[in-house]
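The structure under discussion is supplied below as structure tokens; questions concerning it will follow.
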Amino acid sequence: MTVEAPQNDSLFEAPPMGEQERMVEAVLFATAEPVTVRELAARLPHGSDPAEALVHLKKRYEGRGVSVVKVGDAWAIRTAPDLGFLMQKETVETRKLSRAAIETLAIIAYHQPVTRAEIEEIRGVGVSRGTIDQLLELEWIRFGRRRMTPGRPVTYVVTQEFLDHFGLESARDLPGLKELRAAGLLENRPPPGQGPGLDTGEDDEAEEDENQGEMFEP
Amino acid sequence: MAETFEDQTEVEARLAAEALIVDVDGYEGPLDLLLTMSRTQKVDLRKISILHLAEQYLVFIDRAKGLRIELAADYLVMAAWLAFLKSRLLLPADPNDEGPSGEELAAHLAFQLERLQAMRDAAAKLMARDQLGRDFFARGVPESVERVRKVKYTATILDLMQAYARLRTRDDFRPYVMDRELLFTMEQALDRLRGLICYAGDWTDLMSYLPEGWESDPKKRRSAAAATFAASLELVKAGKIDIRQDDVFAPIQIKKKRDPNDG
Amino acid sequence: MTVEAPQNDSLFEAPPMGEQERMVEAVLFATAEPVTVRELAARLPHGSDPAEALVHLKKRYEGRGVSVVKVGDAWAIRTAPDLGFLMQKETVETRKLSRAAIETLAIIAYHQPVTRAEIEEIRGVGVSRGTIDQLLELEWIRFGRRRMTPGRPVTYVVTQEFLDHFGLESARDLPGLKELRAAGLLENRPPPGQGPGLDTGEDDEAEEDENQGEMFEP
């Protein structure tokens, strides 16, 4: 079967779905980076439906040595995680991240978009320039929109590379995200009055507390 | 004191919180230290005694100071704040006090500790995931999309004509210089005529005296003709030759002047 | 399905063939170099038969977007040959010819056949090899006959492609200096005498020469 070179010409009909699936397969195999549906559409012959082809392809590779995975709004082929032991030779020795970097990364992932001040509030300690730099360099985080608050601070969000690295389809799939949200631990709760090293939140009118002290005692 | 803990792992050191390792550098700030201390209470973070925690922290800071260990400012700020919190929690509330209650402050600190712990757990879970390049792998031989860059050069007929016009008019903009090689000087013409004149017994066309190679090229011919004509006038003035022209635009002729002495 | 870590221990049975096929698939996908059967055998759990697994895998990929191919005595996964066009992204960039190139082209068009030395004389500057090469590559000029002068230099002439591109029937249709002037392309009257060593025949400079020359004419 001969496939026409891609033509931006609707005179040519899109190739059959089986053929489109082959094409998506070829493109995904050829690249190490995830490929967006939009890019697939641009590379496949005019009129193709890469999104549908992807559904078929994903199914075809279920249980195989490699699988078709979604990474953000892009797609990639990755080896099955249970076969990692075969790949010792391919293992890339990554720079060991400091505890500060790992924590900062987690905070950005779970709280994104998040400002540096917010990261510092959560960690209770300043975030060194190097920590953010390291994460930016790894391309695991990037700048998000500026916060529309005084000073218009930049925010940080995680990237597609982050999702790809940790095998996440989207940031919503972060482990334990739901539980953390349900427990209110992802809220940016303003401290009552002036907390240690915190900016002022709203001044909640303090209620007089009847039983002082040991209310947190079990 | 600190030395005795040198070999112990960080975790062990942290678990030995009751001994209160006076290695402040091991902690990432007061909140980290407080979180470590709270672990000794071995209860749900939401149920820990903030008062107890505050006391623990103050004792720790005191001991550290006693050992003359340099404490970062934020440790001391936290100590001051916890002392304030402690007093709020212990003393009956002042009805005139506008500030937040001790209870609220304590609740927020508990929230902060719980949130920090939650983030640490999340970070651990994240790092425990299968990772690209360690547990699963990308394509080993990516065939990068070959960008066939076709450069198409264009030029219009107008470009072409303008370029040519530019070349042909370039002399207009060039500072004036004599084209020396195309110039036959009067001195050269004089030398040439002096040498040839002795053979010119009869009237001869001046143009036949043009040097070889200067007869056809219009530019050279013009220069040679002018120089030869000027040279002939010079020789007439010197009395060496005669010159004549029969009519307007008729050929100019010269002849050697007969030497009176010659007879 | 969980796979045991590789053991060089014959106490463990080799995994089922389907599993071996998955493993070969993952290794071929992830390695940068083609992999020999011997190397596969070393990587797979003891007792595996990668040669047989390869046969299955090759069959499985028949007609797919990628195929399992033998490269020398090793194996690799490669894009199906008929889909190679997907790996190319053609971008056409339109660029203007450089001034040197357009001037050289103009000289060749007006003066053909013309030698390189003559082009340089007209331009008043050297003509780089690259400029000539570029025009040759564009197929706008080609070699003409050698000039029957010492050194027998090659000459250049314009091609049919040149005429097609510029919409000319022949190089003689190129506007002369008079027309260029009429079209406002030549604002200044050319100096009496000629540009550096040119002779275009039918332009008015030649007339001027003749007029002046007459003064000394018999």
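Letters A, B and C mark the chains as written, and numbering starts fresh at 1 in each.
Simple rule for what comes next: contacts are C-beta pairs under 8 Å (C-beta built on N, C-alpha and C of every residue); 3 or more make two chains touch, one makes a residue touch a chain.
Source: prediction; values computed, not measured.
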{"item": "Chain closest to the middle, measuring from C-alpha centroids that were averaged per chain", "value": "B"}
{"item": "Best-connected chain pair, where connection means C-beta pairs in contact", "value": "A-B"}
{"item": "Distance between chain centroids, defined by C-alpha means - subunit B, subunit C (Å)", "value": "29"}
{"item": "Distance between the centres, which are taken as Cα means, of subunit C and subunit A, whole angstrom", "value": "41"}
{"item": "Computed distance of Cα centres, subunit B from subunit A, in Å", "value": "33"}
{"item": "Two or more partner chains touched - positions in subunit A", "value": "29-30, 43, 77, 79-80, 83, 87, 90"}
{"item": "Multi-chain contact residues (two or more partners), subunit B", "value": "137-140, 143, 145"}
{"item": "Residue ranges of subunit B in contact with subunit A within the complex", "value": "28-32, 43-44, 46-52, 74, 77-78, 81, 88-93, 95, 97-112, 114-116, 118-123, 125-127, 129-140, 142-145"}
{"item": "Interfacial residue positions of subunit C with respect to subunit B in the complex", "value": "26, 29-33, 76, 79, 87-97, 99, 101-103, 105-107, 109-110, 122-124, 134, 138, 165-168, 174-175, 177, 180, 183, 185-188, 190-191, 193-196, 198, 209-210, 212-213, 216-218"}
{"item": "Subunit C residues within the subunit A interface of the complex", "value": "1-3, 5-6, 21-27, 29-32, 43-44, 63-66, 77, 79-80, 82-83, 85-87, 89"}
{"item": "For the subunit B and subunit C complex, residues of the former touching the latter", "value": "137-141, 143, 145-157, 159-172, 205, 207, 218-219, 221-222, 225, 229, 249-251"}
